[in-house]
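You will see two complexes here that share chain A, one where it goes with chain B and one where it goes with chain C.
Our next item is the complex of A and B:
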């Protein structure tokens, strides 16, 4: 009994000497692109090259939250499209991604902030999203566990509530996309880092791996924390800073929190997994680093804020904490699309906000790779927007990656 | 009132038999002595079954005697309210604790969650990803809430915690983590050489493995040497001894983070220490590696040094008839000697190379089956299995992949 008749999630084919399309990076975004290339465009002459293993990168490290509460049309559009896709993906992939729209609650701590949230909510409504501004008893009813009464340092003025926001089983996203793409005939290679991107006359023609050279028509780079290193193989210097971001979980307890809640005086977001653990995350550590370990100061900072929302958390202990490399661009938004080298495209700069957008990026990038034309939803995220001054700065924080 | 069996040995142990402490476990009044941990207190009262596993609700007992305890998690209620998921091996006993088992309904002995196992282990690894898919939205609306309620372990007390906590800093030349023979000797040597020294120990007394050792150091028996060294360290003005303090991580630039747990009468329930030292010495000892075999999680199956520790340090007998599956000779002889001193009958001693088949029993291990080196199948009744296998010396089971659910 049990799982004896289940085949491996992905096949282990022989590597061919040539593919039409090479996707560098077997994370959520790369695998989603592979899946949609096969499903929407019938393109399966594709190799996905993963330097480590499937489900071992930022797809495994994030805090599993999905939502689309962004102010600017470009940011909102892509993430809200993703939210729509998330709702259908378990059935489409025949793999339970455990999408639970438990509701996302973004807390405002002053009237001014709540007003700003109202503008954001209105922008979202214009884009077709369902969203509410909650205050007082309505907020307490939505999040009964929230402490609204104590003399907190930053009292809660109200909240933006997105009912479709929630959590998704993050590992299942990587495995589900990988399995479906592999079933469609796309080749996925683990432990296959790209060591060289070969370019002749401004046109990409092959990549080198320790297992040999792969000739190809086009290359798509989607490697999150390793974006600078991989882009440098093509001689590109990206406007990206690499900053570490931490997350942590408590021991598992019986259900004690339904919604996903974010504290905005500083940053601290929290949800409870199906297994019962509380997952917490916060802002980046604020300094550039490729080290996958973080400072204890950030952990204390995030926990202090979480305790203001839910004082009962002081009775629990952290089981694990970890850190990953976030690729953050100068306006805090992603860089998606074609690069100045023919046949080379990229998806990077998601920082620690990329998980929620996974299927939308895959869907749009597949369209770009299939048609050699940039689809509307990702048009604003071009690589050259920094040179043109067309930044997408949701936070209005200016060109400082650590502020995003 | 229910009968509570007394598994306390008539003498010995580093417990104070003049100070009796009262506590309750799932509503049954029990007693123990000052110096006990909750684990030794429960075992002294014959309580091996203390928990249910996270997913299949298997009966679980006490496996270890330290922070490596994987199974025996309980909820402890004191003046601060209730705290879930505490390892019984880490709770130092004080008077008046209310202890409750977790993750079972209606009771620890008759947990309906065990029926999850019916259907032949249908909920094997990866099961969730392939099931509960249809109809659309059913996962969120119906299945997830059911699974969420079955998962989790303890219940968190939703009321705010009124205890005080503090954050403090310390600096020193030499920081020693762990107070076994190596740690104590290192701290003493460093301090006598003039270095400001901090010695951190998670336990409430110094000594580590010395506290249940029969060895001798400098002509003294181990426990006396530990007591003398502890006294010598306390007498030195340049040493700070921090017991009940768990160093849990080293961060960039040598920052050590540690949690000190308060005791009765302290203002703070816990203090978070940030310690920076010129030199850090890790003297944390080892954690035993168990053998993996079907039924290995039944109450009554214990690590070899844990058995020694319960007998020698806490004067508690963890069983009456034992099977010994300890591959390393030194550990095996130590465990056998301790059990013989405690009057535990040794039913069988496995040799390295023997093939473990299974341990059986519903709420407690009652029999053990294996094949000896001649290929003969052996089975014996027992209520204690002592296991340890650092180098995978035992074959397990039958050369096939073990089908073990947890």
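Our next item is the complex of A and C:
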């Protein structure tokens, strides 16, 4: 019975007492870093330590959307590089990630908002991305079921359309990177939380786990919602807050929606899976949380906005509902790079924007760890930018993480 | 859904409030930022990090935080909420500002 001939996706090696590089966090970003360390730099003396299990965290809890429609060059550059990599990864990993570039539609609800979207579209074009502003019949043709005619509190004025945006099977991303890294000889340990980061004379020398101590030259922290707790093991305070983000899946129906659509008066994003389910997500619950338990106010909010776009959704039932702990920084953008302790680097603060950037972060962090120098694409995302006044604030929302 | 007890209005739904984040203790407002490096560091610490070691800004556990009761008395309310399970274990008096 069952799939007896299916081998385990990752090996279960004996833990050695020493590795060159330790990656704390076996999420998409950590595993992508492991993969690119092996592939691009031939470095396989690496241990990935995951406190829980592969595919149990935010990598498999998001709404699977990938896109690169960001205004600021730093934000756009990294995510657009990721889009290019997503297109290559099913082949490279020999794992079907089901990348479907069905197009991403970002709805504007006033002429002023559409003007601002046009600025963003132009910035993206300057960066080499293909993007259009759609209005009227062109938008209706792109999203035939979108309700553009009913009297609405927030009518649709138009949309930014990015054809390369779309969806990817998110758990396959975790498994695909894990399998490839494992095949390359990198050791991945599940249920292995780091309990201590040992530092001597401002230099990392080892980490402690329940299975013993691992001596290492460098440590890379990539643990999303647990960033503050893990960084505190090294005595560091981070400008990061953990928030709860919810997602929902309806019962499956026939194909009715090709693109990914985002409603901006409030926040509600929706796509239809290949199986026919609608996947919905929204803004964070709006306050610090590690509970992985959402508030009803946000559920109502996301669904009400989805109905504004697609009234027929009112007849569907929700099958599943879940949430994850996302870490968001004081300017809503990630912190990536070296920390003020020698041999210690971090990737955190992605909020609910991290999944789409997974391969780009892995690619760039692998380069940093291999060469001990920060590559250009991640240079702006420094840990010390808050002290220096060099925030990357796409939303202009200031130091209130739950507003981003 | 949180039920926040406002010292002026009684137990009220979370939707009446806006979140203000961790309770912060602000540095000296009159400090000359141009002349003292420590004043800059203090403001950075308070604004972006944990304003006091006793109340880290993003704990997995009890957090002393403030909420603005815009849908009620229009005062800031200080509570202690456990971020692991959203239980509100302690309620203190509201404070102005």
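Quick note on the criterion: the second predicted complex is superposed on the first by the 398 of 404 C-alpha atoms of A that agree within 3 Å, B and C clash if a C-alpha of one lies under 4 Å from a C-alpha of the other, contacts with A are read in each partner's own complex, and residues count from 1 in each chain.
Going forward, contacts are C-beta pairs under 8 Å (C-beta built on N, C-alpha and C of every residue); 3 or more make two chains touch, one makes a residue touch a chain.
Being a predicted model, the structure only gives us computed values, none of them experimental.
After superposition on chain A, the partners chain B and chain C are accommodated together without colliding.
Superposing both complexes on chain A places the Cα centres of chain B and chain C at an angle of 90° as seen from the Cα centre of chain A, in steps of 10. Touch criterion met: A:238 reaches chain C, while chain B stays clear of it.
Touch criterion met: A:330 reaches chain C, while chain B stays clear of it. Legend: residue contacts after superposition of the two complexes on their common chain; A:287 is shown touching chain C, with no touch to chain B.
Between chain B and chain C, B contacts the larger number of chain A residues.
When the two complexes are overlaid on their common chain A, residue A:191 makes contact with neither chain B nor chain C. In the superposition on chain A, contact is made by A:296 with both chain B and chain C. Residue contacts after overlaying the shared chain place A:311 against chain B, while chain C stays out of touching range. Between chain B and chain C, the shortest distance over C-alpha atoms in the superposed arrangement works out to 5 Å. Across the two superposed structures, the residue set of chain A contacted by chain B and also by chain C is 293, 295-296.
Interface residues of chain A, counted against chain C in their complex, comprise 226, 228-229, 232, 237-242, 286-291, 293, 295-297, 330, 386-387, 399-402.
Across the complex, chain A is touched by residues 1-2, 14-15, 19, 21-22, 40-41, 44-45, 47-50, 56-60, 63, 65, 83-86 of chain C. Touching chain A in their complex are the following residues of chain B: 54, 81-85, 119-122, 124-134, 136, 139-140, 144-145, 147-149, 151-161, 163, 165, 167, 249, 251-252, 255, 257, 274, 403. Those residues of chain A that touch chain B in the complex are listed here as 1-3, 6, 88, 90-91, 94-96, 98-102, 145, 147, 150, 166, 169, 172, 175-176, 251-256, 274-276, 293, 295-296, 300, 311-317.
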